[in-house]
Structures are given as C-alpha cells and as structure tokens.
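Two complexes come next, and they have one chain in common, subunit A, joined by subunit B in the first and subunit C in the second.
Up next, the complex of A and B:
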C-alpha cells in the first residue's frame, strides 16, 4: 500500500445525526468551508477528513431521511463522538433524536461522547442572529430563509415521548428551550448507563448553533475534537502494539456482516 | 371540437347548480373522465385549433414523401389492440397521426360514441368520485376566472418552486407533461408539479379509473383526448400516470413512467415497497421518499432533454482509444473484494466502465441502470463535497437488492470527473475509498485528468457532409460482443438547434420518428420525413438504428449518399466514439458474497478476460 494513503487513515470518527432538514450538512459546511449555502438532501452518508493538529478526524455527515435509517448504525460503528442535531424551531426534531437516532449509537465506542446541538439558533436568539462569522456574510438571505421555513409534514410525526417539557401533540413547532436539550442529554446518559457525575456535564455538551451566521459552530467542533483526543491517543497506542491492526479490523468487520 | 364544447357545457352546468349534480349525467363513467379532463386540461378551443393546423401542415408533406418509406398505407382500425371499451371510445377523439385521412370520419363517429356514453349505466364508485371532483372543480374555476389570481400565478414561477404551484391555476394545466405516482390505496406519492396534498382528490379520481377498469378484469392503459394522452402504468402496489400534451406515443410515455418507477425502486428496492404495502395498505410512501423529490424531478427533466432515455442506450464521451484503455486499466487495478462495477464519468457522460468478471458473465449492466446512476449523481450536488457512501438498487440488475455506491469527484473544486464504485458489501467503505486513492494516484501519474478535461463531444461538421445537421446512431454490434452495454453516439446540437425550444423541437421530431419506427401495430424500417424546417431520415436495420436530420432542401438522393458517408465515418471513428472492449476484473476469490452468487472458477486478476480480448 502506498505511503500516502496510510497517512490519510483517520484516527477517530465523529458522526452527525439528526432528522432531515435540521442542518447537519450546513453545519459541517459552515465549519469546513466557512460558508452557508443551499444544500440538497444528503444521500446516504458523506465522509470528510479533517486535519486536527497531527490527527486525522473523520466526520460522517449522515442523511436524516428515514429512507437511509438502516445505515445509521454502520456509520456510527466505532464512533468516538456523536453530534445529535435538532432544529431549535421544531420540537419534533428533538423528539426524533430520542426515538429514531439514539438507538443507532449502540454501535459507537463505549466511551463515545455525545453532544446535543440545536441548530438554526439565529431564528430564535438575537445573539446568534447578530453573530458575524469571519468567513463573511451568507449570500442570498431571502431564498435561504424561505427554504428553511418549509413546512414539515405534520401527519407523519408520531406523538412526542413523555418528558417534563412534553407539549400536546399539536404544538410541535414550538421552539425548543435549552432546558429541553439538557433534559434530553440526561436521558441519553441514562440510556447509555452512564453516571451523570462521571460524564461530561450537560452545560458543556449542549450547544445552540447557527450554521447560517456561524454562531457557536467552531466552538462545537473544536470542543469535540479536543474531547476526542484521549480516544485518539489510546487508539494510537493500541496500533503501536500491532501496526497492522487497522487493516485486520477492517477485514474482520467485512467478514462479519455481508448484506445484499 | 364538438367534444370540447360538450365538456365545457357539462362543467358549466355542474358548477352553477351544485345541489342538483346527482341528477346530471355525472353518473356516467365518461362524464367523470371528462371531469378529470376538465381539471387537467383547459378547454381552450383556440389552442386546439392551432395544434390541429400545425399538424395539418406537416402531415401532407410527409404523406407525399411516404412512398419511399417501406410502410403500408392501410388504414388500420385505430387502437384496435387496446384493451378497454372505455379506451376505444375515447380513442376516437385522438389526433392520430397515422390516420389523417380518417380524421373527419372519426369526428363523426365520436358524436355517436358520446351519445352512447350518455345512456350508459352509471357506476357508483365513479359517481362518488365525480362528485368529489366537482367540488374541486368549483375552486378551480373560481381561481381561473379571477383576473387577479391569474396575474399572480403568471408571475409566480420565477420565485416559486414548482412544488408550491397552485394546482388550480391555468399555468399548472398547461404543463407539457404531468407525472403522478400514487399508491393502490389512492394515496399521493409524487407529482411533478404542485404539491401532492393539493392533488389528492385528482389522484383519487385516477385511482377510481384504475380500479373501475380492474373490477371488470381489465387493465386501463390509456385515455386519449384531443389535446392530451393519459397513460397508466401499474407496477406492484404503485400506480403511475402520465398526462402529456406532447405528441409522444403511448409506448414512449409508458417507457418514461417505467423510468420513474425504476428510480423509486433504485432508492427503496421493489421488495421493500411490496413489503411496506403488504403490511400497511395506506402507507404514506412519501415518508421514505422525502428528500428524493429532486432526484425524480431531475429524472423527468433528463427524460425530456436527453435522447439516451428514448434510445435506451448510453452516450459515452468520445475519447482517444488509448486514453480510454489506460483509464480502464487504472480502474481494473484498483480493486477490493466485493467490488463489482467501477465507473468513470465526465461531464455527465460515461468515460469507461469496468465490471467484475463473474458479474459480466452472468448478466450485463443495462443502460437504464446506468441512466439512473447518472441521474442520481447529476441531481445531487451534495456529492461535490466529501466521499459519499450510499445504498442504491439497480432495478434491472436486481430489483430487490442494494449495492453500496461510493461516489467521489476526482477534480475538486470543478467536479466534472466523477468516480463511482459499486460494492455488494455494506461495510466496505474504507476498502473502497482506498481504491479511489489508488485510482487518484495512478491518474495523477499519467496526467489523466488534464487529458480528460480536453475531451469533448464532437461537431457534426467533422463528418464532412454539408446538409447533415444532426444524427443519432445506435449500433447493435459494438463491439462484437452481445453482452456489451448498448451505446449510441450523437454530435452536439448546433445551430439552428441552440435554443432550448429548438432543441426540444428536434427531439420531438426524433421522438415522432422513433414512435413510427417502433409502432407496435405497423413497425417501419425506413422513414423519409419532410418537416417544415428540416428533413429527417430514420433507418433501422439488424445492425443499427439511425436518426438523421438534414436541412430542408436536401434531396432524397443526397440524403442517401450522406448516410453512406456518415456510416463510413462512424466506422472509422468507432474506437473513439464507443467503449469498445470493456475490461473485466476479478476480485479475490470470495464469490459467495457477490449478489449474483457463486462461480468458483475465477482466474487470477492478471489473467482475465481483458487480456484475452486483446
């Protein structure tokens, strides 16, 4: 195998999950390209490699559509961090995280860290709206605005799960408060069987971002990258013990599941 | 015209006196049909006349010339092969190009047919739906009669997505081709224009027609009105309907509906669609297709603008034979277990395609599957960033299974050269991505990208025949291997076919020629067609299918000489115009996982079919 390709081997995996139209691709695009532009519904999953200091971090931007739901656990396998994304203006998108997406993370690393991210904060938070990203102004404001307020299909929404903040099924478009997100984070930890005291605190792992203005986007990714570094170092140590483990691991996976 | 008036009257009466609607002739199937018609098509008498007169201008010319064509002029009973009583009745109103001379008699017959219809006994289901329809009609007519609303909708298309179109507006009715997909329960799944919700009762009527005919142990295939052709296609639990005012044949329209069906299958697989509807008859399939509308929209735009779909053949980018071979070899060397197809695409055209050995022995990649792949790539600009890994089904290869497609552009940020690798292994992303690195390195070493960038389609002037404006040539014997992917070659469309309207006009002429050649009742081998602004010659033999377009002043003798020259030129250039010897590879002997299953007599990669072909 050529030397070049070996260097590119990712050290750690970060996965973006969340319902359709919450802005996963836009978040990643804002972070990598420093731009906000119209995106098209993602097909399957898109793989990006991000150089973070001496490390290669792979980021999987997954499709939120139900059509690709079956692939979620494959994208999550061995993930060191999962970014659970919702739309702050759409309560249902937060509920979907718990109903549809949380179970996909079963294949992630046991020490995987979770971030709960409310995107489109510019629509409810003046602070996020006024934020100026170094990358420049978003182009074509009005059109994007229109795209984002596209109606969600209410009929296809199941009733939201019981939670302290749970509204009646009717007002699913009410904004999501920070407390809702914090409460979800607590439930994620319980689902994973993790102690709240020994895990990362909710204040640190619940973000509100705006891919449109860039608000909190760098903070989100950089916080996560710093947090997964120990995981990288551990993996590197394991690799030193057996330098070929990466390849073998790949093969092993392939042999386990074959699907058509 | 008479029919049209009748429709207008019926509509007027129903709308002005809604309480008495049950006592009106809405009880008949035909009225419900005309109601569907009224919703779909405007009753614009003037426009109809225009269409008829242009048809009249063109057809006599064609008939005069038709003695050279090897066709019979017997006036066959129109649509005699059609299955349904309803259809034969409606067929009388169709503008049948084959039977210009019998038009007037048809119109006379039509009157009697209509009378008979009126006395037909009513059908309960249809009546109910006709009533539902009437309510919607009321809204529709209101919208149309208001000048304010009309002005609004005329301006709107500039900033409104066609998803938000007002389905009661005149502009919506005027679309050249509507496509609807619905479930057997009558639930809307897709509409090319307007939102599915707004069209749910229209689709309900369509489903009523389908089930009404089905209840008589029959299948509804098409409905003809003067301006429109309505074509139905039932595939498993899905019903696809096309309402077209283009002059395409029923078979062509049905072929297009089949592409729409295949694109849906490519996203969900046939097996899962059947499973879903077996489980829950009134499932809302839009849940699973949400986000894919743009892929279907893109497909329908391509179907209208790209003759590949009409010809069921793949258009590959002309490339020096040596360059294409070296690209194939690069693909052939970058393999991993369970990789089955490696495809290189530039400017949305095929550069080369390399297949796994056992796969090519069992089956071949169908052009339709390639079209669906090309459409998927074209419709998803998201592919331009990052490396995509997504399940995709190739419906003609196997409608029930997924391949896993790796899609990545090799020349960011331009994103014109795209690599597509198909594996049968869901987990193979990293292994397949590794193949891409190898391909990238090899291509960099050979400077392939800059050579590909120079490749372009050719001009018809290179053929050196002065009167020849454009052609499409589809050989059946390239290379001398019947397993080969069907291809065609065609030059760029040049003046006078530079505007979108002119391009479409030429394609429409080709579609007309194609429908004549492939007519199910009277297939033709050769047509010399003098149209208003050009002369066309279509010729099909056991070796090829050829469509040519000449300037209008060409003589028959000239055209025939030109075609001889053209065929000679293609023969000389065929190494450049077509993928001649597609190489194969064999991935590690692990045949059990290949979706087509196990041939164990695989040879080593170095000693495969490619070398033996050379």
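Up next, the complex of A and C:
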C-alpha cells in the first residue's frame, strides 16, 4: 500500500470549541472566506490551514453536537490556543462551555491560551450590527439592511437554545453580558491552576464577535495567532534540540516483500 | 457533486466459487499479486489466479482461474487469511486457532520440533506491515485472544510462532491494527493507542464497540482510520492527534480503507468514496450484500457473500478531466495537487501545469478573470493560447498552433461570448491587461512579436491610450500585420510611430503630412504639425529634412523654421550647413529672416555676408511697410527698431552698401545717421540728426553710442563736433531764413548739451566757441560744473603731489635709518647697470645700497616708466 501523502505539516493548532449553533463554523468561514453564508451543523469536524507569515496554523472547527462530544479531547490534543465560543443571545451556551467543554481542553498544551468568544454580537450590539467587513459580499449587506429595518429581530431572537433545558429545568435564554464572559475566563484560569496575574488579562482574551457582519473576527484570529507565535518558536527549537531519526528509512524491507 | 473515481469490476463470480451450493458464503479474502485466496464458511480455502485483461477499448476486466481448493478440516468458517509471502505461508484464523498453511499446496504446516506453529484462543489478529524488527524471514502479528483483556505480539516463522510480548488492556479489545511499536485498539468503550515497547498508552476517543462494529485500519505510517460515533471516519496518529478532518460515513460501515486521495467505505448496500482532500463525498456505488472491503498492496478488493470484485481506480487524469468537464475547477486542482507525491515529479509538473491552464480557461470562459489570470500564471500558459482565442490578433507570420489536446472548448471569442458584445469587450480588456503584464515577464520570451502585435491591435481597436506608449517604447510589433489594422482604425499617427520605429521615417512623415493636410483623418494629436517639426528637428537624416522643409515652411514659417534653428547639436545629428539652409530658404523670405536672426543674433555668427543679408532683409521689410499707405505705424516702428538695433550693434555688415540702398528713402534718416556713424563719418551723421531730423536727443545718444568703446578723447571730440554743429550758423545748403528760425532751437540744444554733459567738454575750448552774447545765467550749470571740475582736478593733483612728496620723505627716512653705513664707491668697483667703473663720486644708490652711475639710472627710468620709484634715491659720496 502506498504511503498516504502527508499534507503540509502545521506548526501549531488552534481549536474552536463550543455548543452547537453558536457559530463556530460561521466564524471560521467569515475569517477564511470573508463571507457569511448558510451553514449546516458540523459533522465531526473540519480544519483549515492558515499561512501566517512563515508558519502554518491549523484551525480546527469542531462539532458542537453532543454526539461528537467524545472527539473533542482528541481535537484539543496539542492545541496552542482554544477558542471557547458561545452565543451572546444564549446564556446556556456560555454555561455549557464550563460544564461540557472546558474539560476537553485537558489534552491541550500546558501553555495553551484560551479565548472566550461571544458570537452573534450583531444581535445585541448596534456597533457590531453596523460593522462592514471590507471583504463583505453585497448580499450580506442587503441582509444587514433587512435587519436594520426590522429592529424587533433583537428581541425575538430566532436562535434555538443549544440544549433544551438547563439543569434547573428552566430554559436559560437570556443574553450574556461581557461581565459574565470575564467571570468565566477567571474561572477557566482557576480550573487550569493559573495565576490571574501571570496570565493574559481577561480584557484581552474575551471577545464579542459577529460572523455575520465580520465584527471583531479578524481581530480575534489575528490576536490569537500573534499570541501563539512563541509557542511555535519553542516547538521548532525543541525539534532542533532533539533531532528525530527518520524510521521510514530503516523500514524499507517488509516481510511481505514479494509474492510467490 | 459526484466524480467517477472508481469502477467496480467483477473478479471471481459466484459460479466459479461455489457453483450452486447456496449455503456457502465467503468469509475472508487475501490477495497477493495475482493470487487470490478465499476462505469460506465451510472451512475451505480456494486459490485463484487472477489475470488483468484490458480490452481494445481500454476497459479493464479480470479473468479468474481456480488453481486449488482445500478443506481445512475444522468444520468452522475460515475467519481470517493473511499471506506472508516471504515465508510462502498463509496465516489462517479458524475456530479460534491461528495456524500456517503452505501458499502453494494449501497444506497445513506441521509444528516444528520444539516450537508450536499454532496460537489458540484467538479472536482476531493483524499483521504489522511496518515492523520495527527488520528480519525479512519472519512476520510480526498482533493477536487478540479470548483471554480477558490482553493483546499479544507474535513472531511468525516458516514453521513456528513465537510470543514476544503480552500486554494487558484496560478493557476487552475487539479490533487491532499495528504499525511499528504502536497498537491501535478498539476496546469496549473507546479506542486507544498502545506502545507495546514502552507500554505507554494514549486514549483516543470513546466508542461503543458493542453497539457498532469498530474499524481500526492502518492507513500509513503511524496513522489509523477509525470508525467514530455518528458514522464518522476519524483519522488519528500514534500520538493521538487527528491531522485530517473526518469524513462522514453512514452509521453501519463494515469496512474502510484509503486509496489515496480517497477514503473508500463499505456498508450493507453502498460503497462510498470520500476525498481526503476536502472531506466531500465524491462517488457512491451500490453494492448488495457487501461483506468485505480490504486493500492489498494498493488494490482494493471487495466481496459480497458470494463473489469477489476489484474496485479499480480510474486514471487520475481522467478523473481530473471529468471534474474540469463539469467546470469543477477547485476540486480538479485539489485532486491534482493532492496526487503530487504519488506521481513522479516531472510528470506531475506537466500534469499540474496543464490542469492549471485548463482551469484558467474555464474561469476565463466564466469571465472570472482574476482567478483565470492567477491560474494562467501558475500554469505558465503560453500566452499565444490565449491570444489565439481572439480572431485575427496573432500576426499572420506567427508559427503558433494551439496545443493538442485543446486546453478549452472554445473555438474563439465569438463562440465563447455567443454574440454578447459586452462579454467580448470585457474579454478584450482582460487580454489587454494580461498581455500588458506578460510583456514585462519572461512569459513573453520567444513570442514577443505575437504579444506586441496582439496588444497593438487591441489598443487600436479599443482606442486605448497605451497604444502610443507601446509604439514609442521598445516593441516587437510586426509591421506588415499592424499596418492594415492601424489604417482600419484610423490610427495614422500611431502608424507613423510604428514606421519610425521600423526605420521608415519617410513613410511616417508622408502619413502625418496627409493627416495635417486633412486628406486622412486621425485626431490623436491636434498638434501634429508641431510634432512633425519636432520630428524633423531631431531627424538624423538631412535628406528627410530637405525633403519636407518646403512643406513645413509653407505651412507655418515661424514654427517651421525650428527644423533648422532648434536642431540639436550632437554626433548623430549631422549639422546642416547654413549656406545650404539659406539656399533652401530662398523662397521663404520670412523663414529666411528668422533663420538669419537665429544665426546672427542667437548664435552670434560673425560673417559679413549673413549680417549684411539680415540687414538687407530688415531694410526690405521696412521699405515694404513704408510703401503701404497708410503705413501700419506700429509694425513699422517695430521693423525699424530691429533694423536700427542691428545697424547699431553689428560691425560686420557692409555699411556703404546699405547706405546706398537707403539713399532714396528720406524716412530712414536715423538709420543713415547710424550707418555714417559706422563709417566714422560723424559729421555727416550729426548733420542728418541735427539739421534734417532735428532730433537733438538722438544726436546726443549718437555721440554716446559712437564713442562708447572709445577713450575719453574720442568722446570729447564727438561732443565738440556736436556742439560745433549746433553752433554753426551757416550750415551748408540752408537758406538764411531757416537758419534764423532754427538757430534758437540749436542754441538751446547746445546749452542743454553743455549743461548735461559738461564734464566731457574741454571748458576752455567751449568758452572760446560760445557766442559772446550768451548769458552766464544760461550756462550756469555748465560753468559751475566746469569750474568745479577744474578746481577739483587742480586740488586732486596737488594732493597727489603732496602725498607723493611725503611718501618720498618717509622712504628716505627709513632708508637712512637702515643704512647708516657709508656706501663705498671706488674706481675699482663696477656699476651694476652698465658694469663700467666709476670715474667720479656722483653715484646713485639702488635699494640695498648698490651704487650705480646716475646716468645709468636715468637711462633705466626712461626705459621703464613704471619703475619711477627708483629715482627716489639720493646721491651719496
């Protein structure tokens, strides 16, 4: 059997985690394609290779559906950054990050950085709603205009809850404040056993984005890329320090060399 | 979004295998080159020889020939068959026992003395295709035993097996695959990686193996394909990291494998084919009673319960072409690029380029020019492929023929645009920008003529401003092909530039002249005439200048003369001889005048002939203006000013000759006076000025002018002359009456002259000349000045004298102080000047106390008046 071709080896991994429907796929799509378009709920996972200067960064879009929950640890293994995504109109999606997703990041690098990202900011923040992405497609704008003329959209948010009920049996569907996100970030640090003082500050690591308008999307990804650079360099140095032997060479001879 | 990537080809049909025995099913298969082994549920192994047959149409089929079958004698199904071809053994799992069978005879291999050739209690085993131990005469297998929660590693030799490792697992394992030291295991509730060398383990992800059959398939070095919850095909490497995105299968996948770049999976009724490159489902083949899917050295073989099939991949190129045919550019490129490592480098590059070019043309056809351009660039498209789409753009001389097979489906641009003129235009604009960029790169190497000619044609047709830039700079436009095209679009100016570029300046000029004259229409340049003048001006061929000078001068002598006057002086511009130019200008008096002015006034050429000719021309102009009635005063004044200026400033013309020409024109007195002045006939000049013109200020100016480069005596002479003329009471040829009336004016003029220029005159002489009856009052300013001047002169000279005297004394004093010692003079010593001896004591001392004869010094002083100070000596004895 011929060896399966390896693709360009990524230098570093960034993983998007979060409940279904919070907009992970949409965020990645906005960043890579500069468009907002209909998505279907992600199956399994997908990834995108981003060239960042001389480095290759793989960005993994995971599936939020419960069914695929078990794969999360594997996706996070060796991650340099994890983007914990929630939906700003859905308080439950923030709660899920702590309840379900945080433990998946145990397999990430010990110096992994965490960003808490509230997506769909266009539904609660006029600033995000009015934002125009430079690369935006015209149809986005018309949609935007439609929204503008129907401000009631904000109150009658169509986003379905991620999980049908909260532990208390009550549907938690209230918007998430920035303070909630900052508080969660603090708890994440505690969970990781990290000193708040020596870690990246919450103001820097809590984002509100809109995949729909593009608001803050570039900032989010680019901030993270810049922050993971040291991790890349360290990884490269490690590789140089302990050169690995290419075992492929010595394995040329197989038991099943030829047939009869 | 389907691709035809594989074809299902029958290999062993039901008849051949079991005939009409309905209850016999295939349980396992093994393929090794042409040898196919099939294990059945009735404990038989069948051995077939499978030949590939390619039909004349290129269709592949298999013909199978049964070699042997053998009953293993266990009454149980044959669960697994694996070949160890180097050992010539089949490793068989049947009834929970692993044992060895000869590959040729299918006889069970008896246990060797001292070592068993059987492993009992086995539920599954797998061969390590990438063993760390390099012994070619043994095979390493991973074994799952029915013993609880263990996995074992055995070495299999020709006639024995040997346990080398046993490890316990946290749960019961139910599927295994091995690569190097890494075992990939499906346990009851999860997958894990286990390093049998170090014992280190790595959990992968949870999976309920009791609910769904797990799949653990090694797909490459330290990489496995696993069935994951939700019907996913997940990739995981030995470190427990997923490096590829999962593919989305159905929930009931039985078997899966990778045939790069595809993941092939089998469920009860379909074979699904996903691309590993974009995770998309590419092909679905229906397959009933699917039972086994395995790959053997790259060959994918499937079996239903009754028959065996081969899944034959279609040639990559064909798949790519299929994708391109349905305009799926991105997928085609992904597929091509994904195959890079499976194709030899040079072959890949050729394929890749071609696919890029085809992709570019598809996008071009969709007017996605940006993408098209990028693909053309990456695919290093021969630009002529693109140019040749546009009818008539390639020059007739071009040797280009389109590549075969064609890169696209378009006959030409019209075919592509289907009559949509807007499309055509956009395509043309694209080509302009594309060629414009290609020109400056090596892409255009070897076909510059084609590129530049095409560009020229497009520019001309679309009235593009860069046409002129193209022609004015280095280019390779084919003249023959471009001429009719430029003519068609009335780009005559451009055509002229092209002629010029091709060294046919005469053709260029003829064309432009026709445009200026209106017989050809081209509005490119409204200043084409000036352009022609500039052109001739810098034209290196004198012949052309002579040839077109007539036309140019006739059109506009003032501007036209620039072809001679503005001609740059440099090596490659042979100078035109002024005589030739003048001869040429014979019929163009105005131009001639301008030319002479250029020579005389600007270039300051000092030639009598030129100066005289210019003066004559000026004169003729004045005369012709005079002859009009009434004369245009303004023009006349200007013409005369010029004439006068020349007469005054030049010293080279033949004054006498001009004077002769002017004699009969009473109006030109001033000019005549100037001429007389030139001839030093000042009295005549002054006479004219004073008596004929009565223009006293001119007379005065004349004196200043005529004496301007002379010494003060000459000036004084002239002023006295003028004064004389003023005071002359009886000028010749005048009646007494006129004299009487004029004399007052003249006297006043004389007074003014004296009062204004008193310092020039010799006052004593003036006083003698003046009539006695003039009042002092009248001459007060003059006298005052004269008095003051003479006083001043006297005082100045006295001061000079005094100063000189005191200086003299001072020097004398210094000298005495210096040389107190006497100076000896004797008859034996010689004089320094004449070298004769002294005969008397009277001597003069030179500075430094050198005695010399006094007559020698006197002599010396006379010879060099500047050394007067030498006389500041005194006698010594």
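One rule holds in what follows: the second predicted complex is superposed on the first by the 200 of 260 C-alpha atoms of A that agree within 3 Å, B and C clash if a C-alpha of one lies under 4 Å from a C-alpha of the other, contacts with A are read in each partner's own complex, and residues count from 1 in each chain.
As a working rule, a residue touches a chain if its C-beta (ideal position, glycine included) is under 8 Å from a C-beta of that chain, and two chains touch if they have at least 3 such contacts.
All values derive from a computational prediction rather than experimental measurement.
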Partner chain(s) touched by A:20 [first = subunit B, second = subunit C, both, neither]: first
Which of subunit B and subunit C A:46 touches, first, second, both or neither: both
Which of subunit B and subunit C A:78 touches, first, second, both or neither: second
Interface residues of subunit A shared between complexes with subunit B and subunit C: 1-2, 4-5, 43-47, 65, 67-68, 70-71, 74, 250, 253-254, 256-260
Footprint of subunit A on subunit B - complex, ascending: 267-268, 284, 286-292, 294, 337-338, 376, 379-383, 385-391, 401-402, 405, 424-431, 433-434, 437-438, 441, 593, 595
Subunit B contact footprint on subunit A (complex, rising order): 1-2, 4-5, 8, 20, 25, 29, 32-33, 39-48, 61, 63-68, 70-71, 74, 153, 155-156, 250, 253-254, 256-260
Complex contacts: residues of subunit A adjacent to subunit C: 1-7, 10, 43-47, 65, 67-68, 70-71, 73-75, 77-78, 107, 247-248, 250-251, 253-260
Subunit C residues touching subunit A - in the complex, by the definition given at the top: 32-35, 83-88, 103-104, 127, 129-132, 134-140, 180, 203-207, 219-221, 223, 228-230, 232, 234, 236, 239-248, 258, 260-261, 276, 279, 295, 297-298, 338, 340-342
